[in-house]
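In structure tokens below, several structures.
After this come two complexes, each holding chain A, first together with chain B and then together with chain C.
Let's turn to the complex of A and B:
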């Protein structure tokens, strides 16, 4: 029996009420796909920035290095194993030496992490070429958030104090050779970058480093080749970013759950009304030879088909809207203040998975919400129904 | 004398109304044969509609037996009852009960859609024939709300007879119609009864219907008080 055909006829026969429900559902469709695309774009952009600016193709950490423990940072250094030295020499990796230090700038005292990095490296997006020594002070690069918190501008000088490998305090003047525009907090907030050779010299840690950033796509040495240096792959390094995105997803999920709930409420209401207002119609159908199960199917399908109409509507107005959204992006100025490494504009990413997944979710929810009131039909007495009464 | 198609024996249908039991049908025994044009006559509450509903397998007897077209109504599963209604029984209601979102054509086609063996061209031909029987061939594309009461009832008749059932049950078919429309409707049903040998059973207290009946069964308080054949 063409239940689908009958359900579709009934649905379209509902006129304006049908189209209003379908329109509201289509708005949920577009919003969910838009939000999902935005989060996908946000996650991709965040990972892209973090990988390009700091994580590279993964990092080797000296055994004592723990990025969450600043107290042990001064003990986290060592000579590079041969394999890593070779990678560094071949331009497939860049060593970074990290030490605790204090910066005296514009009458402020700031605890910072001093990073030494090879001036000629091209593996991460830090303009290290600007670290060229001009003779009068140590050239340094800071990020724009750091510049803001320290009150420093390009060309400014500040006093840097550190402890060398023997525990002796030493100090020197640095000048800000460049302020990099970055949204990646881990290379910006509380970070000062100077040339590696200078760093090794002033800390008396020749040929030593804290971590080694590998180039994307390079084959890292395995097992004993890396000595007691531990390889942290991109998945490990991106854990915090991904956790942060998961919490963003959940917050976003709450928003579109509200939209979906409103749309579902409309369909549920329509179904309840249908059960009570079309009771005589159901009685007639039963008299004409339809079974109660078929009737439940027809009315459930009728409700569920709202989602197909909604998908059609969403396609008509949502496609140009989302294409436009995809082109102009979504302005996210100052998001880095919330700890998210993002550009000023987020470009959403709409994958088939997002679209199909959203369609399946909405269809399943609509079918379920449509089915709930239809369960009453099973208890329907045909003779009562013909008189317009529900038992 | 035609073949017996309905055998009702000692039929009781009672309803519980609070602490009292109301017998809508009380020990009814009746037989109906093929080609009858019969009326169940009686005032409101006499049990006419209840009897039609049981014959139509829409309701079940409390006790006794109702055998319709070889099937015992009291033993049928809901699915078997639905099949019986779909293939063998046509219903005509007082308030027409047309499906409001379907066109006239679609309303008449509806029972045929429940018969999967019928292909589209067959269905189309059957609907066309039914529309011709009731004189509404030119209104196939109209919606029920565009028709008068008399026309709606003609559509309901077409829907009842489109599948060529052996039995048509009409519950007060002229109650909502004026004299002229009632006469037209009765003429159509008499013609179908003659030409297709379809058995018609009416429930009515309308004199305009009663005068056309060949058998009149009077009911009162759920019991048969007289059964006259002309």
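Let's turn to the complex of A and C:
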């Protein structure tokens, strides 16, 4: 404890230089915690939107379905097993039938995936109630990114061409019953949604589906994944989102490293200067009976305490700053265009893990950087040190 | 990327194959100038047959006129796109209405690329990579290099009489030629087009124009023959324009047959995978 007091007194005796170092380190503290919170918020928001808009509580896929290969859609359909039919009837699941189609809109020809979904479903956040048939063209819903790329607005009509189950071409007019504001690319880009019964009729695939989205919290029924239907849980479905976030974390780590490097450079420099400028002080302390190890410990602690001061500073100005950041969020306008299922604004999430983890990381790094120059103390000759010389 | 390139080349190959051996879509409506040239060279064989009495007989005569066991065709296809035109030329050998071997002649980027179609399977060979790749299943259903054609147009049984019931719905003069209007309705469920409409030259039994319809009755595609030619007594389309009728502003895709030779004795070795690397 006396050593700690001595180190603290020496540190505070450093004056402005100490506070400048501590301030720089506190900025790193705040930035790292802020960015970590932002990434955490981004990951949570992305998963929340993807689950609510499409993944639900997991999906049953027809065995031939491969979401990365639209060419498989022609074969990826089948009748639902009894267990899934019961779930669907009970409102615990919603079947979706997918087929390739071509959309002729505003002089553009777009290859799209045509999705048939139950009009009365409430399991995912697609406004399927708007698919009410008015007796004219086929009512359809598209996402805002799709509407933008196709040049379509609500109430517009376009021609849709598809092939039925026998391979025969068919075509009809659709009208845009609603444009949904969504950030989930998988239900938006290149996707057109129509009523399931209409879809089954025009494709001559009665009672068939490509996948079944289950409600969140519903238990997978026994026997449902027998035969040609395979259950994909949320972890499986969210793999891409999580992998993407992992790469984001790595990119963020590079930024942290730069900030920390700058802060550590300041502390390292301070330690070097301290050792060279205070050589007589060290000699005196050795002459008074302090061991070299204690001396190393005092100087290392002196450097490492920068991080404690920085944590205190970061707490003072960082707390209100991060609370404000948490309230207003971070604007990510149009990020959905890049396929990221994010809202217009990302709200950071600050967990104890992020704060404690960051503090430990910075304290450990500071202690290490502080220790490195102190190793020279072990080579000190007390008599030389008293005369201000380093051996 | 590689998949796309291969798909594109495969598509062209199938397309050329389909156009070459099976000018099923090739419905001729020759312009006046061409018609004059044609009149002078009408083969006696073309007029010896008795006049057909029924739509089914007309359809049979169309099939007889355009289908053969073996052909060698050199042709070019020009895709009229928004960003300009692209022309691709190729030479194709076809036999038995099912198999074909195609070699690309131009542009330079595709020169030397080969395609082999045996039944419903398709292989492409790219000299750059020295690889032979099988393209099958749904890849064959893709559209063709931005053109107004799709694989489905080419891969069907080319014998119209096998697939469609025919009825004469009227007569019309098209580019100075008397033509029957034939309404074709599918005999089976698995045909790409549920209905077709043909304008058939009453003397030459070549379709001068064709409309292809969806099951709902919507017009999907049109084909107009711009000029015709006579080869070994048969009347065939020489140049034609294919259009996607659902595209409001498309200029279509033009096809020109530069040379066509009937040959029932094409070497067996040509229709093998080994020939792709030669």
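Everything below uses one rule, namely that the second predicted complex is superposed on the first by the 384 of 391 C-alpha atoms of A that agree within 3 Å, B and C clash if a C-alpha of one lies under 4 Å from a C-alpha of the other, contacts with A are read in each partner's own complex, and residues count from 1 in each chain.
Criterion: a contact is a pair of C-beta atoms (placed from the backbone, for glycine too) under 8 Å apart; a residue touches a chain by one contact, two chains touch by 3 or more.
Keep in mind that this is a model prediction, so the values were computed, not measured.
S.K.: Could you tell me if A:14 is touching chain B, chain C, both of them or neither one (first, second, both, neither)?
M.R.: first
S.K.: On chain A, which partner touches more residues: chain B or chain C?
M.R.: Of the two chains, more chain A residues are contacted by B.
S.K.: Tell me the contact category for A:135 with respect to chain B and chain C: first, second, both or neither.
M.R.: Neither partner.
S.K.: Check whether A:382 is in contact with chain B, with chain C, with both or with neither, and answer first, second, both or neither.
M.R.: So A:382 only meets chain B here.
S.K.: So, A:289: does it touch chain B (first), chain C (second), both, or neither?
M.R.: In the superposition, A:289 touches chain B alone.
S.K.: Using the touch definition from the top, say if A:6 reaches chain B (first), chain C (second), both or neither.
M.R.: The first partner, chain B, only.
S.K.: Could you say whether A:217 touches chain B, chain C, both of them, or neither, answering first, second, both or neither?
M.R.: neither
S.K.: Which residues would you name on chain A as touching chain B in one complex and chain C in the other?
M.R.: Common interface on chain A, chain B vs chain C: nothing in common.
S.K.: Could you please specify the touching residues of chain C with respect to chain A in the complex?
M.R.: 137-139, 141, 152, 186, 189-194, 212, 214-216, 218, 220, 244, 246-249
S.K.: Would you pull the chain B residues touching chain A in the complex into a rising list?
M.R.: 53, 56, 58-59, 78-79, 82-83, 85-87, 91, 93, 95, 97, 99-102, 106, 110-111, 113-114, 116, 159
S.K.: For chain A, which residues are in contact with chain B within the complex?
M.R.: 1-2, 5-6, 9-10, 12-14, 280-281, 283-292, 382-383, 386
S.K.: Per the contact definition, I'd like the list of chain A residues that touch chain C in the complex.
M.R.: Contact set of chain A toward chain C: 71-72, 74-75, 102, 104, 107, 109, 159, 161, 163-164, 166-172.
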